[in-house]
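So, here's a batch of structures to check.
Two complexes, one shared chain (chain A), two partners (chain B, chain C).
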Partner chain A sequence: MEASTIPRVKDVAFALAAAGECGQQLGRLPLQKMIYLADVLAPIWREISKPAQFKPYYNGPYDYHIQNTVDALVFRGFVTVSDANFRQIKTIECRYSLTLGGKELVNKLTHVNGLKDDFTLFQEIATEVERRGWQNIKSLVYAEPTYDCAVIAQNPERLRTESPTKNLSRSFLRDFRDSMVGFDGKPVSRRNLVQMYFAVLSRHATIKSESLTKEFA
Partner chain B sequence: MPKIRRVSSTGFEPIFSDGRLDLDLPSGPFLLLGGNGLGKTTTLQTVIFALAGDAGSDIEEKTEFQWGASYFKNRLNKPQEAEVEVEFALGDTKIIVRRRMNSRTIRGVKIGGQAWIHDSTEATQKYEEGVCAAGAYECFDDFRYLVHRLCYLGESRRSLVWDQGAQLRIVMMVCGDAEMEREFRKLRSTLKETDSELRHTHVDIGSLERRLSQIETPKKAARSDDDEKGDGIQIAIRISAELEAELLPLSKMRLKLREKLVAIRKELIGINNELEHLQVTFSQLEDAFVLKTLRGMENSSAALALHKLLIHELCPFCTKKTTTLAAQAREAVAQKKCPICGQQHASDISADEIGKLRQEIAAKTIRQDELQKLLEGIEEEEARLISREVNIKDKLNIIVAKLPRVQFAEVSGLVGSNPKEIRERLRTTRTHYSQLELKKKNLEEDMEGKYKSFSNLCARRLSQLSALASEYGNKFLGAPCNFVMTPSRERLSLFSFFVPEFEEKRRESPESCSESERFFLDIAFRMAVIVFAGLLSKTRSTFICETPENALDLAYTENVAAMFQKFSYDGYSLLLTANLQLGGVAKPLLDAYPKKDKEKRTINLIEKCPLSGVQAEKKKEFMRVYRGIIG
Partner chain C sequence: MSDSFTKESLVAVAEVFTSITARLIKHFPDWDFAKVTDQIDKLQSTLASMSAALGAQHFVIEITQDDDSGKLPISAKEILAANSDGISKIRVGKHLNIILTENFTSDSPTPVELSEKSQNTVLLHREASNAVTIYAKGYTAGHFDLVSPHRRPPVSSRFARRAEDYEYSILDHYREHVRYWQSTDHWDKRPQRLLFALKGTAKTEEMFHRDLQNWLEKNLQAQVWRGPKDTTRDELDILIVSPKGRTYLIEVKWMGENSNSTKCTLRDISKGLGQLKTYLTKQTHIKRGTLVGYDGRAKSDFEAMASISDEQTVGCKRLECCNGVTVPERGSCLILFLENKTASE
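Showing the complex of A and B:
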């Protein structure tokens, strides 16, 4: 099965589409980070996790499948590249967006039951990141507890976003969801959970940056 | 684990003629060739001593197997001047350690690109820190244990296969994690202590009962100062009885909770495994479905590269017209293959299949969450109970500490004339006994639960290790040999161990094997564990072995050489000793290498060491055998 498919096509297409709705084209690393946030939130959003694929890399969580897939999608005409800038051999900067074909693909996929729901998660993430500025996606991901703990522990293994105990965001959100009920006595909606989660990430990112500033001062 | 690259010993008179021995160890086998008393064992022990210090009581429980700096004192003229320097790689880090043979402290260390550290205290500290960081060890003792008990097979021929304690510790360290192993070892040691205390208490009860029956005649004495003291004791005993009465239901509740906890953990482990599998399948199904949609679009949308190739026959790379490529691509696509590389590139998946799987996973994930929460709740409750128990036990300990100790030796003298007191003591001792029984049961269940968690979590790794060990075993025996997990029959042991099984017989004790089978199946198992640890950590290491070739006949020598060769071809190194004699392992092992390489892979100790009179007479014969080995 594995050899006959391309992994993460859906994630790449949804991330680019959701960012595109906010008028944003994603670079190589922001694309990784956006999909990482979706992986982290997936178990609480749709009760389904992705098998562990992200590793804590130099510039945040990295899954090499994503880059391979986006390159294949560029070749096949679903994704287009703009603002390519070859600074050094290893650091190629560019921005990706969906072509008309790519947008049609997303349109077709979102008509399938369940996948529409996945796309909504990407849209929620894009909205929350947009609110805080796309340049801050890095600090939001660095404040994400699963990644943060792996980096502190210098743990080179994969980030176990699928594990109920290792995905710390999931544990946190689950406890928060179970301890809170809305004003009408109903449980907190998924959308509100995501909004609250990003507020916490934002705050954590600020505290981290303040403590770093103090340390260097 | 360490891969040794270079060894340099100085001041080793009278073992080596000039007191020096320098070895450059290439990847693969390296042999120390010589005769009796020419320093083969000493050289290997020098290397192990440099890497991991002495083998004290923390490595070997039995004193006869312990060794340290004193080993060298009797062999060297000036042990205080003898020194060894070993260069080895631990993962990606190169470490050089220098040790003097008369003490445990390190004389110098150089880690990676850093400068040498020569201050003994600092060097020892940095060495231990450096080893832990480079090898991802939780503590230096783990490294020491692995070096002494896994990577080195010395002349004592300590078995790993039939030493259940050592095997359990090493397999848990390699397949599980060090923290789990340490926690487990602590539990084992507490269980042993509790069991020993239980047996002593049982003896005490017997003594008190005998004593009571001896003095069971009614005897009323007048009140005295001793009686007043006795009143104090009575009050203390009453309070302790009350506390014990309070403690017992708590312990029973905790026991029930523990049972629940074990059951939930079991279900949780099962559901975790299922989910892991389902998530992988789901991810693959979803990818296949997305690919199907993508391919559908490529067949219809003129803007896409594949469409241009299939319909308009334009090369997607250079945009030129190409009917041949288009025909090939059409054929590949018709066969659900990639038009570029020709590999399978499509699957028929319907959205319904994904939907069903999605529902199944979602239901299991919800159950997983429920179980996780339940588990956390019970763990909290258990912690509360434990805290209450500890409180009561503390109070009890204070009271018990003030009471005279009940020992058979004391019983006759101290309470010999007071049957009432003996009865009270008998009662408290019996209560203590039942508490110990409960504690032992708790510990056993705790250990069983932990071991089950370990074996469930690491089931795949254990079966991989078993397959690997069986491969090495086959190489030696030249016939099917399986290393199978077998429940231990030892007292207080609730675990399973790898034992070899061949000729349809499971060899649960070393006595069920011949001498050569015992030695070389143990070597096969060690090499498999080293290779497996290497596969997990993506590093290579060295196995250091005093080849017990005297136990081999001609037929098995080739098999042993093949087994060592397999280990070398897997990328690992061997530092072996062998006698210069006809029919040994050295020749078949080195036959695979060209002559120059053979010389690099051996050292002839006949030329390096002062020979005894008998050896000097046979020097020519030794040299002839050596030339035969290196061709």
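Showing the complex of A and C:
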């Protein structure tokens, strides 16, 4: 399978592989969220273009290409499904993880020029989500400024993570990157940039939940 | 930054961006943001939990990312032990275990000295009250409150002084509390310059003594003891112990007349100088002693005394000898005039 033919193959494979390294099997929505975080971070991580199709869905940002891709990967035996739970006709809960073939696919993809770097980004995201608990991936994504603003504005348009002006995370990460140049002129490392980004998401999520608590009180 | 950001997200960005960790990362870009955040959070909560055990102990901790496995963790006992003979620099590694302790050369390091010593490292300094400052590469990277790290540190008094500058503190006290009876309220009959013989339970000398002691306790970065007795039963008026263990003593006297017609004159000051000489001779560990005489006599008597230096403080004279008794070595004598008229009078 060519990596370029199905744009989300590498994203799904990398997300499952990075989560698997943390001993985590991803459900349908956490998989979406994990890739969304990678999409908002990717432009600053490395200027790469990809067809971003996230929309502010009921349960967070959602790109149907990701679901199609993971289904295709399951069909082709690269991904395995476990803990399937059919709550309603349209609500299916399950967990995805890579098969041996899937792991081999990730291994091959990381040898494609530039994709190893993408995989590193997924690993950094997985580490940061792991640090805060996988159950909190939802609140982290809901605190992401681009998604947060789209929800507040009740904007059903797709979230333009590839746009330099519409991707708000990219905007403030650029400010961060420029202001965090060390006093000796050394730029901030990409790892520190991702860690600071997650620190902002965590803090934003806390502030939001505190203000909600106050409202209800 | 775009206007589309919500207020909450901007607050979150500002908090992270101005955090101590972010400032440290700017100085040390090779350090890991998440690990430094954990380290600073853990250090703040550890210090807050031991604040009661630490008392007023000043200390300096050098924060590094070095391997410290197998070393003793930082604790109140270790901090107190490391600083028993003066202020030491306690170097901790990435797990906050103590790698080594090293003595500072000066009595109590000043912010300038600490900035200089932090040229290639990060130093945490607990100075006055509960204020903690972090220095990195010569810059101040953060301040916080020892007991509640998420609060800003208490603002130090504008009269705060170091132990070795206790004489300046005596003069501050004179200007702010005594000269125009602002706090001591020592005059019984002000026009006749008669001091109270007994005010509450305090005798004439004690009025000045207590007020000065309270002032020093609030404004001096030191332990201040009132009336400590030594093994020879000599009772000292006020004893000051600096963080490095250096001791200074103050002997309080007064001159003039009180409402019981008790009169104190220069003879009492010279007697006090004799006492001071005895203390300083017997107790060689005392770094310096000062006799403070509050002068309630007539202004002409005060002006008749010769001062050995031009004091900046109006109403203050520094004596070299009094009634033939010379001020002892390591000693000094300050005479402070008690005004009985306001500026308008």
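What we mean here is this: the second predicted complex is superposed on the first by the 207 of 217 C-alpha atoms of A that agree within 3 Å, B and C clash if a C-alpha of one lies under 4 Å from a C-alpha of the other, contacts with A are read in each partner's own complex, and residues count from 1 in each chain.
Everything below uses one rule, namely that a contact is a pair of C-beta atoms (placed from the backbone, for glycine too) under 8 Å apart; a residue touches a chain by one contact, two chains touch by 3 or more.
Just so it is clear, the structure is predicted and the values come from calculations on it, not from any experiment.
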Worksheet item: Which holds for A:A199: it touches chain B only (first), chain C only (second), both, or neither?
Response: second
Discussion item. Going by the contact rule set out at the top, does A:G77 touch chain B (first), chain C (second), both, or neither?
Written reply: first
Item to complete: Determine, under the contact definition given at the top, whether A:R8 touches first (chain B), second (chain C), both, or neither.
Response: first
Discussion item. By the touch definition at the top of the document, which applies to A:N113: first (chain B), second (chain C), both, or neither?
Written reply: first
Discussion item. Let me test your reading of the model: by the given contact rule, A:T165 touches which partner, first (chain B), second (chain C), both or neither?
Written reply: both
Item to complete: Could you list which residues of chain A make contact with chain B in one structure and with chain C in the other?
Response: 165
Worksheet item: chain B touches which residues of chain A in the complex?
Response: 1-10, 13, 43, 46-51, 75-78, 99-101, 104-105, 108-109, 112-114, 162-165, 174, 178
Worksheet item: Residues of chain A touching chain C in their complex?
Response: 128, 131, 143, 145, 148-149, 152, 165, 168, 171-172, 175-176, 179-184, 186-189, 191-192, 195-196, 199-201, 203-204, 207-208, 211
Worksheet item: Which of the residues in chain C end up touching chain A in this complex?
Response: 1-2, 4-6, 8-9, 11-13, 15-17, 19, 22, 25-30, 32-34, 37, 137, 139
Worksheet item: Which bits of chain B are touching chain A when the two form their complex?
Response: 272, 275-276, 279-280, 282-291, 293-294, 296-298, 301, 303-306, 316, 336, 343-347, 351, 354-355, 358, 361-362, 365-366, 368-369, 372-373
